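Next come two complexes built around chain A: one with chain B, the other with chain C.
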Partner chain A sequence: MTCWNCGADRPARFCDACKALQPPVREYFAFFELEPKLVLDDKDLQTRFYALSRKLHPDLFSRKSPTENEYALEASSVLNDAYRTLRDPIARQLYVLKLEGFDIGEQSTKDVPPELLEEVFELNMALEEARMGDADALAQLPGFRARFEAMRAETDLAIAAVSAAWDATHEKQHLNDLRGHLNRRKYITNLIDKTNVPDRV
Partner chain B sequence: MAYSDKVLDHYNTPRNVGSLDRNSSSVGTGMVGAPECGDVMKLQIQVNDATGIIEDAKFKTFGCGSAIASSSLATEWLKGKSVDEALQIKNTDIVNELSLPPVKIHCSVLAEDAIKAAISDYRKKQGSEVAAPVAQTVA
Partner chain C sequence: MFQIEFDNQPDLVVGIDLGTTNSLVAWMNLTKPEVIQGEDGDKLVPSIVSLTEAGELIVGNAARQELIDHPERSIYSVKRLMGRGVEDVREELKLFPFRIAEGSESVIRVALGDNTFTPPEISSFILRQLKKNAEAALNAQVTKAVITVPAYFNDAQRQATRDAGRLAGLEVLRLVNEPTAAALAYGLDKRKEGIVAVYDLGGGTFDISILKLQDGIFEVLATNGDTHLGGDDIDNRLMHIALEDIQSEWGESIAHSGEAIQTLRQDVIRAKEALSFAPVVNLDFAWNGKTYQRTITRELFDSLIQDIVDRTLGPCRDCMKDAGVTPEQIDEVVLVGGSTRIPLVRSAVEVLFRARPHTELNPDEVVALGAAVQAGILAGTVENQLLLDVTPLSLGIEMYGGVVSKIIHRNSTIPASASETFTTGVDRQTNVLIHVVQGERELAKDNRSLARFDLKGIDPMPAGFARIEVRFLIDANGILSVTARDARTGKEQTVEVKPSYGLTDEQVEAMIEASIDNAEADYQAAQLSGIRIEADGIMAATEKAMRHPAWLTLTDEERAHVTAAMNRLKLVYCVNDHHAIHAQVDTLNQATHKLAENMMNTAVLGALKGTSVDN
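Then we have the complex of A and B:
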């Protein structure tokens, strides 16, 4: 890589030699000059975000060359996407999985343990029965919700443990486990959404 | 994005909702799921052991309209087919019949996986040496 403006070798965000803004790095962690991690310090990320927002604001480049203007716009857009993704734990975990080749959208049904499907199916059946039933059945819904929320809290603990383990070792197996926990979490979240008392009452 | 009339039809009046006796040796059960959207689909077939014809098919799907329609349509198509013919059903057939948009193609894949899983389960119970191939469909 060389600077688009002066041809100097290996420019950073700004070229060391001519100070021209370079095209933005697209990888979110690298953009923030961070190592890929599942657990991030929110405060530190926010500090970096504000600092970069000031540094890269397109207004600062309005009187520079059209190329730099363009890069400033691109950089601000990457910055916003990167911050939105990395500050949200679930979005961040999905992003790391994608980076490491565990894209959650590309798994097939074979990746889901049959026990989980059976469990989710049975829970859905019970929940549907409560939703379609009389007032007594509907009265069970808050109980279902409490149970599902406890399941989600348990899953979140497992996610935290496996995240810390991957950050420490970068062993692939932890990402595989993480994906499993996130699948389970998604199913549980769907169930929680269905525990609202239906409108018809 | 609007659902096609056929999807709405299957969604509003799903065919063959229910379940068959899971423990019967002539019933095959396929349970599949799409974790990225949180769907879960159970599809069952009842096969006449003598003729190899699928005499009944039932499903229950917890998911979006397209997932429900895909599995409902699948059970309609399965009835009267031989097990081998049933294996020929492709997710693209379901996509075409229901006019599913690209974002809903995975729902048809799920239905095809469910068919294959049900047949595989049936053949395992029958002790058939040729197990159904595991679905390799790409969305």
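Then we have the complex of A and C:
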């Protein structure tokens, strides 16, 4: 790689020789000059985001050449996309899975995790009855919600554990586990949404 | 080798608030933003455009009277039509006297007398006036501007605003969201840190934005709003009552008379504005020798507009939710827009945010001041201040079955981008059509259609083999661009854009061409009128001199010379060629040189003799 402007060897974000802005790295962790990690320090990420915004925002390039303007637009869009992804734990975990070659395409929400089958069946019954105007069934909904929220909290603990494990070892097995936990979490979140008081038919 | 520095001198960039009711232009005067006055001494330029009988375009206060006298040749609140289709404005047409020309389809054309114009053209006339005001006040050419738009404006409305700038001969360096601009002016003024909510109720639009201010970074956390809610709606409530009263009192409707409606509207606006300071006001209206009067109490007014004010509260709550803040976490509330002077609006804001809103900045000027600050940032005169804004609406693509797949979510910091890979559905298919929409609804038909992008020239191959990677990029103006490449070959793919609303680039270019032609015609007309005035002057002076005693001091030859020059000037006087007239004015000037000299001498002689020879 050479600088597009002066031809100097291996330019960084800005060329050392001529200070021209270079085309951005598109990988999010590399963009922030971070190692890929599942657990990040929010405050540190925010500090980096603001510092990079002050260097890369298109506002700062309006009097520079059209090429640099173009790169500033590119770089800030990658910066913003990267920050949005990395600061949200779930989006970050999915990003790491994708980065490590896992297929995280549309996961079917119809595949009920087996251990949840019974609960789901009961919830659907209660929802049906509540919709028909059954006051008892309606009264059960907060109970369901509390149980599912407890399950989600448990899953979050499991996610935290495998995340720390992968950060320490980078062993693929931890990512496999992570994917399982994330699927389960998504499923439970859908159930929690369902426990909101349904519209009467 | 050295990098080329394009320009190290700070540019003159003005900030423009292109409002529904009023427009303003401001600039950075050293370190302080300042609103520039018009020739009439007024900082607010009413967003009214009128085409006089003589074909002259007039804007602002000058057009105000025209709006009453000749409503068919005037237009106001054109911002409501920016970036919209005829279908969108059908409701609006019931309340606004817009005369939509026949044949308006994806682009509305409004009739002004016998001419028709698109909303960006009409807005460009307002921008031209602001440009002129700035040039006169700063004594410098103005070619670059930052223009503000409601935060909740969609892509088409933003593009229309940018087109208006181009049509006015302005390079639009940035479109800035109005509440964000207000926060910039406010934050710079007060050097505040913390969470700030900006409540902006203008003439025709409502925005709410929540920002985090920290170390000179103005980060918008979330924004929400309604692009069709504002002071105009409040006026319409009062209009409705007055029209009903008049109908029953006078036994006749005045609704058919544009002139009467405009007079009444101005009276209603006066009453509304007075109600912000007095508990009771009189609405007085006189027309064709008849009068109508009614007292309006603030209680009545409040009850009339309660639901309009309530309509602003939903977006405020949604905005706080999206920003992840509670009312207690909001440190300051800043009010923007003339409608925030209404006491009911102030109290509603105070109750919702549990904070007394800031009112020390003039709500009419704060957006323009903020635009000037952003102009200063771009010009390099304001340092260490940075605006991080968001896109107000989610961007999605239409999938099979008309369902939307969101690719960039609302309140994402801009610039923002997303990449999607598309393929073909049929063997040997060579193009793919992508329908892009903006909005939060599930189905494409319920959202705002932005454009259809046609990926062309795909190599023919079996269905599902092509891999076209499409990159959607929303820039710092909140405007979308789309690029595509073949993921297998890396080759750039042609993307043809068919905007759903608004003008294509070619149409804007054609309009700019036409306006340059017009500008040339305007210039010619001005030159002609200038030189004719000069010709009138010299001909009158020469005729007078011919009756002067000095005329007789000339030789016959000299006198014939003057008469001939005079006749030649009279001959070319009516020709529409200012160069020809100029040449004859010069000839006559030279021919009368000796005569003028002799007149001076006889005058001097006369003075020495103690008598005047001058009649």
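By definition in this document, the second predicted complex is superposed on the first by the 172 of 201 C-alpha atoms of A that agree within 3 Å, B and C clash if a C-alpha of one lies under 4 Å from a C-alpha of the other, contacts with A are read in each partner's own complex, and residues count from 1 in each chain.
In this text, a contact is a pair of C-beta atoms (placed from the backbone, for glycine too) under 8 Å apart; a residue touches a chain by one contact, two chains touch by 3 or more.
Everything numeric in this text was worked out from a predicted model, so none of it was measured.
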item: Chain B versus chain C as contact partner of A:Leu97, first or second or both or neither; value: neither
item: Partner chain(s) touched by A:Tyr187 [first = chain B, second = chain C, both, neither]; value: first
item: Touched partner set for A:Arg54, first chain B, second chain C, both or neither; value: second
item: Contacts of A:Glu118 with chain B and chain C, given as first, second, both or neither; value: first
item: Contacts of A:Asp81 with chain B and chain C, given as first, second, both or neither; value: second
item: Footprint overlap on chain A, comparing chain B with chain C; value: none
item: Parts of chain A lying in touch with chain B, wherever the complex brings them together; value: 104-105, 107-112, 114, 116-118, 120-121, 124-125, 128, 182-184, 186-187, 189-190
item: Touching residues (chain side chain B, partner chain A) in the complex; value: 31-38, 40, 42, 60, 62, 109-110, 113, 117, 134-135
item: Of chain A, residues touching chain C in the complex; value: 5-7, 18-20, 50, 53-54, 57-60, 62-65, 73, 76-78, 80-81, 83-84
item: Chain A-touching residues of chain C, taken from the complex the two chains share; value: 1-4, 6-8, 11, 173-174, 214-215, 217, 374, 377-380, 386-388, 412-418, 473-476
